[in-house]
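In the two assemblies presented below, chain A is common to both, partnered first by chain B and then by chain C.
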Partner chain A sequence: MTKHTQAYVAALSPTQRRIAQLGVLFVPIVTQVTDILRVGSLAFYYAFKKPIRWREVVQQSFFIGNRSLAFVMIVLGFLGMILIFQSGFQAKRIVGDLQGMGALYLQLLFREFAPTVTALMLATRVGTGIAAEIGSMVVTEQVDALRMNNAEPIQYLVVPRLIASIVMTFVLSCVALCVAFGTGMFVANTVFEVNVATFYNTSLLEWGDLIIFSLKALAYGITIPIIASQAGLSAFGGSEGVGTATTMAVVNASLAVTILDFVLSGVGYIFFFS
Partner chain B sequence: MIEFIDIHKAFGSKQVLRGVSLEVKKGEIMFIIGSSGAGKSVLVKHLVGLVRPDAGRVILDGVEVTNLTEEEYYPIRKRCAMVFQNSTLFDSMTLLDNVALPIRKHFKLSLAEARSEAKAKLALVNMDQHAERYPADFGDGMRKKVAIARALTLNPDFVIFDEPTTGIDPISANIVDRLIRDLSDRLGVTSIVVSHDLRSIFGVADRVAMLYKGQFVLDGPPSLYRETDNAIVQQFINGRPQGPMEV
Partner chain C sequence: MQALSPLKLLSRFGASFMEVAQDVGGMAVLLYKVIRCFFPPKLDGMETWRNLYKVGVKSAPIVVVTALLTGAIMVIQSGALVAQFDAFGLLGWGAGFATLREVGPIMIGLMFSGRVGANNTAELGTMKVTDQIDALRALAIDPITYLLVPRFIAIVLMMFLLTIVGDLTALVGGAYTGQVLLGVSPSLFASSVIEYIKLEDLFNGLFKAFTFGVAIAVVSSHYGMTTSGGAVGVGRSVNNSVVASAVLIFVLDYFITSILH
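Up next is the complex of A and B:
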């Protein structure tokens, strides 16, 4: 607290001071959100400005996409089996008819599970990677060296990760959808004896589902690298600072994905499904 | 001339600089000494806008450079090079490309032109024979020499050296010291050197300023540091664990 702020606080009445203390709780949140928005807006500004480091975009796409493929496929594969297993038992007990299970499941995957669960996986795997890499560069002064060499760190470091993440989050969400549907179909067929042709039912799918799927994948693809990069760029101190930045990246990115999921689901309901 | 006027800087609740003022004349080799965490690096980074002051002014050759935009700092950073404490070479680039980077970015030269210019600078620090190898192949001392070559590529008027001889062998340290002296004597380059290295301080410095608890406690020629009866300075210079200085 600066001397000026201390003098200001000292002059407040006890009630005003209590209100000010409540405000203090929100200062770090507001500061962080403002900084995320600053990094995000600068990243978009530089994304449309030459030069773009395309070789780095390809490398980052490999790191975000290829290296996350097995992780996402395994998680979504098991999730698909669990969802059909649990929901199949419930549906059998309550309605007894599993004919529409495949159609409902496909709709649920498009609207919700495929993009959101993939994004939560990426928030942990990719978010930590980006925050740790950029954070290490900050604490070892490599980011300062970039600035000294006339290279804007956001253009140099964040933009390639942003482009790669937008593309690969969408691709991975599509893969996740196929895998989860495939494993769900396997369980439905083996456990509940639902015919594959019956399970593969697209009758409930609408254009709105495709739009919401794409919107969610796009929003998550933008949010995760921006939040992780902001965490990395705000790292301070030594290895402890990098650790804090990494934790901050996972927590903030996971929170952002969850909140965005709620907002975009609401948007979908208002515009397409109501 | 470089002037730091009444610089205050805090990180969170930690007040690092408390009204620091310093003048560095053209061609001078100014050493800033002090214990770890005293704020030496923070102070020098104000000159090139890597750290912005909470209060105070920074003047470079009569022009205020305190709170410029990032793009307004570009010409300042072309004139004031910096050798960082951690060498800060980019691991994905060869030594030659590391040294060529500032030339390409500041002068927009072609890769071939920048590389030929960079090779000449690598020769200055006897690293030209390793030009096509990567930073990971070398130890701290050699990486530091390359970092110095990179800083000199823009033929700067001012160079900030942040602990240039820390962690390198005595022979390499001597080469670095001689290079700093040569830059000043032959090219009139002004150097600010952040250092703990007493051998360098008493061998190369024109002036030394000691930072303690966010303020300078002594500023003068190296000989003054041997003569002074300031207990804090004496404890630091003699490396005594006991004394008035809080470490």
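Up next is the complex of A and C:
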């Protein structure tokens, strides 16, 4: 709380102060959300304006895509095994028949797990990466140097990351889908003795599943770099500030992914699956 | 990129292997040192109290929000299936089982690693690069007992407790979504949960939460204490810490799931 607001609060009556205390809780949320929207809309404005630094886009794609590939594959591989383990034992106990498991699993991967878990992983890996990089540039006054040279930081730094992330999130989600389905098939085959040909069953897939998959990947790909960049750009004060900015980036990005997942799943359910 | 000769590729593979081995070894030594401090218990009471507040109370809102949404998402995803078979009595079982046993601990663990683990690494890393940890040593204060043990206790205990809170809110979120989206009354949802879900499912999830808490505490402390190179180094440490925590959460989850069956 700044000195100005403290003086303001001191002048209030007890009832007013209680209301003010309630409002103070929401002030940081509102400021952060508006700042994220500001960075996001500026990034979109500049994304449709020349010049775009395509070389930087390629470099960022390498960082976001290739450097996260092993991480995403390990996590989604284990996730696939876990999911089949859990659902397999339950299905055996309650239904007693594992023939339909592969089709259901594939559908669930499309709708939920492949894009969302990939995005959560990218929020940690890429979100912290972007926030740490931009945050270090802010506290070492490199961003101010950019402004002095009449380069808009959002155009120069955020737009390449945004474009790279949109492409790479989609690509990594596809890779994640294949890896998770592959490891799931492996567990189903070795532990539950489900035939590979039986497990690979696309009969339940609809166009709606593909649309939801793409929509989710697109939404996450847009959100993560914008939130991380906003966290990085709002860093201040040495190495401590960089640490705070990276923490803020992970938390905000993961939370945004969860909220978007909820909204898009709800939309998908109402439009396609009910 | 230049062409890679086989020898160069091998040496690069070896270098990254050595890096991973160094980190794993460092974490094991750290865990040993922290555990040794419990026999006999040596820790700073005030610092522990402060950390319990900072880790637990300050993360409660984000855990509650995540858990509410997670429960809701689980109901939405199982909704189509439940409606198809007209098995509304099984909704509470499906969503509850998945949340308590699997998705709840994982989502809360990931959020916790983002909120608390990253914060822990950033704090310790800042202290490291500004030589505050060396200053502690110069004052004959052991950084392990003064800094790490309180954080370790706070993270493990609060992850465990917040998972209990999170499980409950996830079920509430699931029940509410079931009513709005599928017209399943909360009482039917609750009776389905009570009938089909065993206490064992809850304990399984809580055991996972405990393990994830230990993993997050050790990983974040290790990367914080090995930070070097100013502000850039702190950012890099936080990045490594959250990535390693996420991988460990999923790997440990797999092994716990496959062993406990």
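Here is the rule we go by: the second predicted complex is superposed on the first by the 263 of 274 C-alpha atoms of A that agree within 3 Å, B and C clash if a C-alpha of one lies under 4 Å from a C-alpha of the other, contacts with A are read in each partner's own complex, and residues count from 1 in each chain.
Going forward, a residue touches a chain if its C-beta (ideal position, glycine included) is under 8 Å from a C-beta of that chain, and two chains touch if they have at least 3 such contacts.
This one's a predicted model, so the numbers in the text were calculated from it and none came from an experiment.
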So, after the overlay on chain A, do chain B and chain C clash or fit? They fit
After superposition on A, vertex chain A (C-alpha centre) with arms to chain B and chain C, in degrees to the nearest 10, comes to 100
Chosen between chain B and chain C, the partner touching more chain A residues is C
Check your understanding: With the two structures laid over each other on chain A, which partner does A:V95 touch: chain B (first), chain C (second), both, or neither?
Key -> neither
Thinking of the overlay built on chain A, is A:T124 touched by chain B (first), by chain C (second), by both, or by neither? second
Open item on the list: With both complexes overlaid on chain A, does A:F236 touch chain B (first), chain C (second), both or neither?
Closed with: first
According to the stated criteria, A:M148 is in contact with first (chain B), second (chain C), both, or neither; which is it?
first
Next item on the list: Figure out whether A:T140 sits in contact with chain B (first) or chain C (second), or with both, or with neither.
Entry: both
Q. So, does A:L255 touch the first partner chain B, the second partner chain C, both, or neither?
A. second
Superposition result for chain B with chain C: lowest C-alpha separation, Å, rounded to 13
On chain A, the footprints of chain B and chain C overlap at residues 140
Per the touch rule, the chain A residues reaching chain C in their complex are 71, 74-75, 78-79, 81-83, 85-86, 89-90, 104, 108, 111-112, 120-121, 123-125, 128-129, 131-133, 135-136, 139-140, 238-244, 246-247, 250-251, 254-255, 258-259, 261-262, 265-266, 269, 273-274
Residue positions on chain B within touch of chain A in the complex are 10-11, 13, 45, 48-50, 54, 70, 73-74, 77-78, 81-82, 84-86, 88, 90, 101-102, 105-106
Chain A partner, complex, touching residues on chain C are 62, 65-66, 69-70, 72-73, 76-77, 79-81, 83, 97-98, 101-102, 107, 110-111, 113-115, 118-119, 121-123, 125-126, 129-130, 181, 230-236, 238-239, 242-243, 246-247, 250-251, 253-254, 257-258, 261
As the complex stands, chain A meets chain B at residues 1-2, 140-142, 144-145, 147-152, 236
